[in-house]
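Here's the structure, in structure tokens; my notes come after.
In order of appearance the chains are A, B, C and D, and numbering begins at 1 in each one.
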Amino acid sequence: MKRIGILTSGGDSQGMNAAVRAIARSAMSAGLEAYGINYGFKGLVEGNIFKMNSKELDGIINRGGTILYSARFPEFAQEEVQLQGIEQLKKFGIDALVVIGGDGSYHGAEKLTKHGYNSIGVPGTIDNDIPGTDFTIGFDSAVNVATEALDRINDTATSHQRTFVVEVMGRGAGDIALWAGIAAGADAIVIPERDYDIEAIANKIKENRKNGKDHALIVIAEGVMSAQEFKEKLDQYGDFDSRAVTLAHIQRGGVPTAKDRVLASRLGDYAVRLLLEGKGGLAIGIHDNKLVATDIIDTLENHKHKTDVSLLDLNDRLRF
Amino acid sequence: MKRIGILTSGGDSQGMNAAVRAIARSAMSAGLEAYGINYGFKGLVEGNIFKMNSKELDGIINRGGTILYSARFPEFAQEEVQLQGIEQLKKFGIDALVVIGGDGSYHGAEKLTKHGYNSIGVPGTIDNDIPGTDFTIGFDSAVNVATEALDRINDTATSHQRTFVVEVMGRGAGDIALWAGIAAGADAIVIPERDYDIEAIANKIKENRKNGKDHALIVIAEGVMSAQEFKEKLDQYGDFDSRAVTLAHIQRGGVPTAKDRVLASRLGDYAVRLLLEGKGGLAIGIHDNKLVATDIIDTLENHKHKTDVSLLDLNDRLRF
Amino acid sequence: MKRIGILTSGGDSQGMNAAVRAIARSAMSAGLEAYGINYGFKGLVEGNIFKMNSKELDGIINRGGTILYSARFPEFAQEEVQLQGIEQLKKFGIDALVVIGGDGSYHGAEKLTKHGYNSIGVPGTIDNDIPGTDFTIGFDSAVNVATEALDRINDTATSHQRTFVVEVMGRGAGDIALWAGIAAGADAIVIPERDYDIEAIANKIKENRKNGKDHALIVIAEGVMSAQEFKEKLDQYGDFDSRAVTLAHIQRGGVPTAKDRVLASRLGDYAVRLLLEGKGGLAIGIHDNKLVATDIIDTLENHKHKTDVSLLDLNDRLRF
Amino acid sequence: MKRIGILTSGGDSQGMNAAVRAIARSAMSAGLEAYGINYGFKGLVEGNIFKMNSKELDGIINRGGTILYSARFPEFAQEEVQLQGIEQLKKFGIDALVVIGGDGSYHGAEKLTKHGYNSIGVPGTIDNDIPGTDFTIGFDSAVNVATEALDRINDTATSHQRTFVVEVMGRGAGDIALWAGIAAGADAIVIPERDYDIEAIANKIKENRKNGKDHALIVIAEGVMSAQEFKEKLDQYGDFDSRAVTLAHIQRGGVPTAKDRVLASRLGDYAVRLLLEGKGGLAIGIHDNKLVATDIIDTLENHKHKTDVSLLDLNDRLRF
């Protein structure tokens, strides 16, 4: 093997650049060449490919977004388009591809694998909803951004005796809501993994008011419903001086946390070492603090990310 | 004079606690007693009043929200309710009142002044829309929160070649939009103080795309319209892969910036020193770096905050 | 069991208050009473003990430091002093004690356990040097503070073509240096767990300069030597326009990260549930993402924290 | 005029890149060409000069350090070296030069002005010690970094009942110490502009302890003496469990605050507009919120920055 390609795909997440740097630098350390592919699978098919050098990678470990850009490209579901992508890789002499991204990106890597092309998926998404890993690159950063926002909102809720319903990202998984909710000391956390009982939540707020706590914070994952919708439902149970806030896109960009940078560095390097051992067709991740690699086809088709719903019970024990 | 009262009213802003501390501590330094009034004018009328001590004020200079709480209380527009408030102040032996807050709070202080009760208004609001001061307590913090959020969104806009329309707070004034927009290098800033030309903005984005910049950031003050509404209007001029984001309540709470803490400290102390000189019925502020006091009735009735719209032209010269 | 006591001891770390809240709230949820003990083992012996209520715990999850204070108290090594502490616990009817802290604090808990008093140690220290857990409460926060500081210093190093030697905390363990060093893309990381080769580091900097990178960042754990000492040694190998910086106490306080708050919440709750099951004399922690409890005497006497030195090799592959 | 040159010199400060962007973009908006000069006056003399384009400036407004680098170059004090610099400017057809930096940089610009070459000095330094402006670019950011560090240290001081002596940057001026000290609620602030009374400080700490505050925070400007030296002096007056911390280089780099970005944008644009009016030989700044330009020779030779020492008295009124 002489050349590896790197692309980012799907929604950007903090730490993607740290992963790009790790893959490219680790490859170079092993005597390989690293090629960047701009705009995800779209750029792959269009041949938007360039040789990377180590100097350019200096100072990107803490940058948000992705220096390789990303792009929507539903056309990659078509077999002929996939084969065009493989043609480009061959044209540039690229022996293996590392794809950083979420669910959709993994499916792209899976397709290339099925065509016999050596690919590795690195989990880069804030949602933490990828099978084959305990944590994805960007999750810790997104949780911290959300938590800081909840802290701010808590100040206003407390000062004004209000109830805030705050929607965080997470279409398929409630992990951001769960972690940020616990970290911010939320009164209720609503996630897709467990049915919510809005009457019980309303009653809890009423009970709190009797006991001296006259503000409330409810964190809801976007996969359940919008903050506004939940607020309107809640309002049917009483007057809580409620407000709905959607944190939206502030959760994806910005400086990655140290944990995400270390995770990205470890995973990026691990992808290269697996390729050097001649392995491919893998989804990589971290499980119980150890780097792990699983068959990408099997992982996508037979496994699902598991959210630790026991944390909901923990939160119930710790709230006021 | 022996006792002064302090209350916070209206929307909370970062630095309110630093102002509370400054007023109370400065009063104590001068041998006065400081009384805190909880829940704004509502608490005033209800006699929710307590003697403050210096120890309690330790460690609050950097806390968001207000330790004196705030509350909506439209009833204070009625003269009889105002007189009830003055009764309470007399009952507690409070000789003068310092009110920290925005427009509505100032009107409360103005009413008390008209009844002959010594009051001083300290500008505490993120919106920077109070006459009689160049800057309000909380404005700098809110601008920094908004700017950091815009930085994050810029990462995603760049990675995905998108256009983001971001709504920041500011019902009556475009100052937050203006300052945060310039600080984040926005492509367009839309504020109530100047008519916007949506077609020109759309054309600028199109032109930028031709010249190599394929993402855009538009900052809009809530006083103009919602981000969603603006996005929909913009979409009529082309496909910009646009998204609408509303920063909402994350802009009010959290740790105040150093500038807001220093401003709050100076203004709080200044209020006390004016009262010690026997002055009252004043709105205080900072003008050209100097502490200033103006007649609160005249200030509210005859003056308006002026937004520096020349900054819009500056931004036009500096954008891509 | 009816009453549990809580104390914090040793150096403060971010997340200690989140742990205090979790222990007290979890106990209250289970129908127990929670007693706070001020100033660590000193306050224990002096009977500085008070009943906690849930309301006071509101809003402390994100506060730095410890609301229970800490104090040096070497006298607790004496058996008679330990017995005085147990007397106080009996006097207050406290059935079990949870101690949050580092190495020294654990030894206190161990002593009480040896006297037959039910105690549990919760790992709270930024250094990550406690046996029986993969991560301590505060470590993630300290790493993030150090990383942000290194990011800032990197800007200046780059602008001025300088070499910075930055000392981070970690007397017994190099974990902070290791994680922050990787996260900041350091050129060299020097920790107590592996011998350093200063000549090799100097040669690497020289080689980098030839290849176009004219600045360098070296992260050193305080357990090895001071930044100033290392800088002076390094200067003997060439002129690197070097500067020494010691991050010192900024690493301990301030707002804990989400990860530390969740970890503190989980561990605090776990301590209570173990006590409810009648268990004690334990060190608790997180191992491979699972909560674990080990015999505190055995843990302290027969185990040592293991730093993952393979991360040093990772860093060597990823640097310029 | 067709071409302007831009260089940064002296110690880097947050917001320098925002100023570079503003100067270059404003020039381009007016139809001029902008040339970047790398490594300050050294690069000027060596002809390390390149034409800037608008695209490269995208995304630098929030970057720490300086993309134009800086370098020590005492040789520029020699007249013949200055003339070599002017030769280079002529060779590249550069009609006017804008220099961003502190005191030393201004002297370089002054020299060029004396040789008849059109130059403008833009105040970029964290120290706020430049005559001709109320605030320098970077000062607000440095104060915020220092304040956040002091907040952290306050947590530990409070938890451990300690006294911390913290040294902040500021060789010639105490402004950072003064503003950060007030913002952090320091017990004492020691700056070069006023004699300190160490015995009075020690007595204040002792008195505080009697009154219930058993920790202390002293902020000292590096221009007075080192934190360690002050701590040792203080220790002669009693046992305060004192610690010395030096914040050092974390104060210069990192993301600039919104205020610094807006100030840099305004000043950078103003420099270009003055040049377009045919003016030069100027030091520019902000005075009472208005942009001002003064003769650079007169400013440097006859004026000095004035620190507002009345803020020390304010702090004395507001501390515990």
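Quick note on the criterion: a residue touches a chain if its C-beta (ideal position, glycine included) is under 8 Å from a C-beta of that chain, and two chains touch if they have at least 3 such contacts.
Remember, it's a predicted structure, so these values are computed and weren't measured experimentally.
Chemist: Same or different, please, for the chain C to chain D contact, judged on whether over half of the interface numbers appear on both copies.
Modeler: Because over half of the interface numbers appear in both copies, chain D and chain C meet with the same residues.
Chemist: Express in whole angstrom the distance between the two chain centres, defined as the mean CA positions of chain A and chain C.
Modeler: The separation of the two C-alpha centroids amounts to 28 Å.
Chemist: From the mean C-alpha coordinate of chain C to that of chain D, what's the distance rounded to whole Å?
Modeler: Distance between chain centres, rounded to whole Å: 35 Å.
Chemist: Could you give the separation in Å between the centres of chain B and chain C, each centre being the mean of its C-alpha atoms?
Modeler: That gives a centre separation of 39 Å.
Chemist: At which residue positions does chain B touch at least two other chains?
Modeler: Residue numbers touching two or more other chains: 148, 151, 154, 158.
Chemist: Which pairs of chains touch each other in this structure?
Modeler: Once each pair is checked, the touching ones are A-B, A-C, B-D, C-D.
Chemist: State the interface residues of chain C toward chain A in the complex, per the touch definition above.
Modeler: Interface residues on chain C, with respect to chain A: 21-22, 25-26, 29-30, 54-55, 57-59, 61-62, 134, 140, 143-144, 146-148, 151, 154, 158, 179-180, 182-185, 211-213, 255, 257-259, 261-262, 265-266, 268-269, 288-290, 311, 314-320.
Chemist: Any idea which chain C residues touch chain D in the complex?
Modeler: Per the touch definition, chain C meets chain D at residues 8, 11-12, 63-66, 69-71, 145, 148-149, 151-156, 158-161, 164, 243, 245-254.
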